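What follows is a group of structures, each given as structure tokens.
Shared chain: chain A. Partners: chain B in the first complex, chain C in the second.
For the complex of A and B:
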């Protein structure tokens, strides 16, 4: 056995690494607490609601896991391109178009047996999301157009597209809100837990997260991706096709955001509903930033944000404190985590 | 409606519509010209629209709203300047974090102050101020010289910025900071101060762009009031090649597409309205293709200058 150089024990190293995160979360919560108190609400009750609603009832916990699914996929859709140094702000549109793709297949082939229909529905959502991200990817590759801008603008195009599909192509006139008719029975995701219902998408998300982790950290392609993000010029010199990799990273991100749309349709709504993308893009990007782009941390951060999100809506319901409060807290967490890095550098 | 009147109405609407684009894009350009690339426009416009509206509503005067919007825009600009210029953090990450924080704060502030109401609270919209003599001119008078003060402000500001950047010593120094801060620094230009001032003033202009929306269009604040105009302004900045005068010209195009999409929707041209509403975004993506080719982007855009560091590229 080789005696390694003396290093601090494993546990304390972990604690040192966790310290800035804990500090950032605590400081952000304190700042929000001051604000909540100034507004005249009960601060402790607000904290309690935000943090513990998820763990009080089985229903609350399943709700959290159901939010975890699209949130994790959106976070990965942001994180993978970020590894290559590209900002994918188009996850919202990619999710919407993914949902449209899933719905289209689910309605057109409504009578098909589940073994065929469900995989086709999910595949359609993946392809649609990938295609939607490929457009900014191509614009970046061919014309050097800033991907932040083009991905964001594609979101606004998709808002109109989903409205068109839900009001003109397969509208459900009884719904009273832009909604399509339901997809075929065979397109629905089977349930893992029957009551309260948790669909198979949860398992699917875990599998995707593990595959992405293996891809980024254990394969040559993933290594090239990270090398591209770390120093594009050096990567180029060593023969890595930097530009192609950037585009592929965006497309892969789009595929995962698209899957988020497909899972929401096949697992939750069973039809296309305008607004089903909710605020998952915002939460996904915040999760990616809090995880500092580390794929392994993404599911854990996403779970934490899901807990906060379930708590935030409970807080809005029972205490009338607007749920946006929590988004601001999360943005603060990002800033404080970055700040802790600055402090460490000095 | 006869053709002449239609053209006049169209051009009048374009003049009114270009204001937020011009203000937000000039703000973006100003910060970018010293190297600070903001991506928080959409959020700043939202929070300025919300806070500005509330100030005007509760204090009973549009001027209070305008001042509040400039204040809140300036504060966000100051934060961006501090995090990037002083702490040297990644400009895009900070910009995104500020975008989310401000966007969240905009609806939070409105909900806390107003709550949910059946009838939205209203403020008076900006009155038209016809310019003496000029507004009497045939055609031109109606199109250009009978507007609210923001329209004049947007035009005059663009011209002032052009003169400032290209005809004064300060402008030369300012542009140098965005091209080569090392060279500017060695010649005694205060790089840090330059970056702070342009980013704060840029934030104020974005704030004005935001508060214009409730004051000129709706008379109230809604969560979807900005509708991507902040992001479109970044595209306009590139389209205008990071030059104040070309940004003003480009804004006519951006505003023209928006008015066209809106009017085509009203007059029912047979195309589903959803596709008309996509137009501004699709047109923007298209014009970015030549835009990104010819734009002379400030060389140091998006980067942070550290005078203590040895290797400066």
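For the complex of A and C:
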């Protein structure tokens, strides 16, 4: 057989790769605009609020970066297992348990100096998240139980756990909502910028994202992860311990989701508050899907989604348009990107 | 010359960007066996799938018995008396022969009587053409050769008088091949016509009246066998790319220079391996492969070859016995240690076992060797070195791809095979376990692989070559063992090679002398 078509030159191939993304974003905004218009709001002002709130004031920008931190970590918690072909839908529970671990250390050793306490708090969140993911990992390894199911179910267990910790073990009686007493002063993340406050977690997230990128694309372990995700059977035939790697990938994901919990406690809330996980799991999965599992793209997509999120709450405040509108936009983006994949395959 | 029975004119067919057939002509005279010869990707099967209604041509006409016809489905083809036997049989394994053959033709009511009538008709056909088969046998119990007869009888039962056979000798023993050829002769003697798709020149010379050669989707020539020499067919199939005079493939393995086998590198003692259904697939096998030696494993597919290869590579558990390769005692999970000890592996199932469709060509080329220099240093991959090696391998092994970053899912079957070979041969292995290494390759690539294997042998590698192609084994091996239902029926030395004896062993007759 003869292949007749030559491969197109490099630049146009890049454009072809970018095209579906640009198109997906534009079409999604247009579609959401229809909804907004039908509800009787000013579409252009809504667009403007969504896209530019993050960049108009220092406060808006810092808000965006603070969203970016847990969102990126959650996106990586989803993407790294995905590279090995495993779906971690348990980021929410792993984040909660990470937050619990951080809080426990932060309260129990409240008097310890910051040099010791802060690293211990963060380490506790990482370990707790990893442990929470290791349970589904072990079930997968030992009994072949589907990780999608088990990671989701572990989320529900974590809801009870946080409730118990915040109402029974270290409850703050003054708070009207399940909340613990504050963690020690030494456990708090130092600020990079004082006003508006931006904590060190931002830098930490960038470092984690870079390390993950190096791990996945530059090391032999990352190669084995990718090979496992690309075809587990062939990876096994060529000597890669795929079962161990699947578990490892889930545990790594759990560690990062756990860190997200620890950073929220040590950087924002200074205590454990029920509901601190917000909707970061959903956003993280969306970010991972939009990035099509490429770790290099994850922080950028996460930043873009953070901008939309901050814009959404501003839109809700100032224009009374439901902030969920932005979730619709995000969902459309994912759908159109998946659709473009189908079209390309035709 | 009388008007042809079947005539295909100006047939064009594309699959996406790939031109499968371009302006192809084909004609079949009544009462002839017409060989359709070509390498992989020549378009033989595509052309016949068009005649049988599985594909429709983009352009072109088909005439049957002088009438222009449109064939949209195998049902249309059968109406015109055209039947086809594919390489992979579509049979209901737990059903009997009659049930399989008469499937869809029996009336719903009055079963017994009709079944008996059908069985009688099948018996009659079987006798008429020498296709011995018990109509009441259950299909899954039958050997491949008999299952093929069932498939041929199915076409005849439905009234086909033009029979298309796609690579019918794959997986047959030499005895079964002879029997098949006799049946084909009986068919044409009684007025049927046969189209015989093959890539084996010898088979064309043995049984065909005329031959049409295709190459890269185009006609090369159509001639009667009487006025054709083997060399013409070789040239027709490969064009001018191959130096036929100096080809192993057509002139045999070069004469031995002084050669003595050295230390044992693969030692297998009393090996038993379970298949996927937990029934022993390999039983009590014992053999040794030494330095500078190629041991072939012959056998009809599904007689334990895959399980043997996987157990040796540490992919499948060893139920009983011992395997030592290059001084290393193999257990399940040993694979990475074996690869690190210069043991190379070419798996049979390239799509499932051999490549990473979702990763790049470069990722694929280093699979299993990614922990070695030059591909990596310590924990880090050296991508510039990987890409450099990848470009070199792509060129040397003639892998048709846009480059190392292309997604491997875009590669065709033959290119995936070349990629697997490039991966295995890129390192100077001490031991090679290769299962059907030339499947899906064109002739020059096959020749290239043979050259590589013999080179490796000459430098002292031990090679276990598991192949369903007996000619390949006879050409390359120093010794040949035959697997039948998981048991080694005996190992013959090169001077004792005899196609028919190996054929008997493939059918389960043990070698009389050890």
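What we mean here is this: the second predicted complex is superposed on the first by the 333 of 346 C-alpha atoms of A that agree within 3 Å, B and C clash if a C-alpha of one lies under 4 Å from a C-alpha of the other, contacts with A are read in each partner's own complex, and residues count from 1 in each chain.
Throughout what follows, a contact is a pair of C-beta atoms (placed from the backbone, for glycine too) under 8 Å apart; a residue touches a chain by one contact, two chains touch by 3 or more.
Quick caveat: nothing in here was measured; it's all calculated off a predicted structure.
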| item | value |
| --- | --- |
| Partner chain in contact with A:328 - chain B first, chain C second, else both or neither | first |
| Which superposed partner A:218 touches (first chain B, second chain C, both, neither) | second |
| First, second, both or neither for A:146, with chain B first and chain C second | first |
| Greater chain A contact set [chain C / chain B] | B |
| Which of chain B and chain C A:132 touches, first, second, both or neither | neither |
| Contacts of A:336 with chain B and chain C, given as first, second, both or neither | neither |
| Chain B versus chain C as contact partner of A:239, first or second or both or neither | second |
| Touching partner for A:280 - first (chain B), second (chain C), both, neither | neither |
| Touching both chain B and chain C, residues of chain A | none |
| Chain A contact footprint on chain C (complex, rising order) | 17-20, 41, 43, 216-217, 313-315, 333, 335-339, 345, 347, 352-359, 363, 366-368, 370-371, 376, 379-381, 383, 400, 402, 412 |
| Of chain A, residues touching chain B in the complex | 39, 87, 89, 139, 143-146, 148-150, 152-157, 160-161, 163-164, 167-168, 282, 285-286, 289, 322, 324-325, 327-328, 330-332, 334-335, 338-339, 342 |
| Contact footprint of chain C on chain A as seen in their complex | 1-5, 7, 218-221, 223-224, 226-227, 229-231, 233-241 |
| List of chain B residues in touch with chain A within their complex | 39, 83, 87-90, 92-94, 96-98, 100-101, 103-105, 107-108, 111-112, 227-228, 231-232, 234-235, 238, 272, 274-275, 277-278, 280-282, 284-285, 288-289, 292-293 |
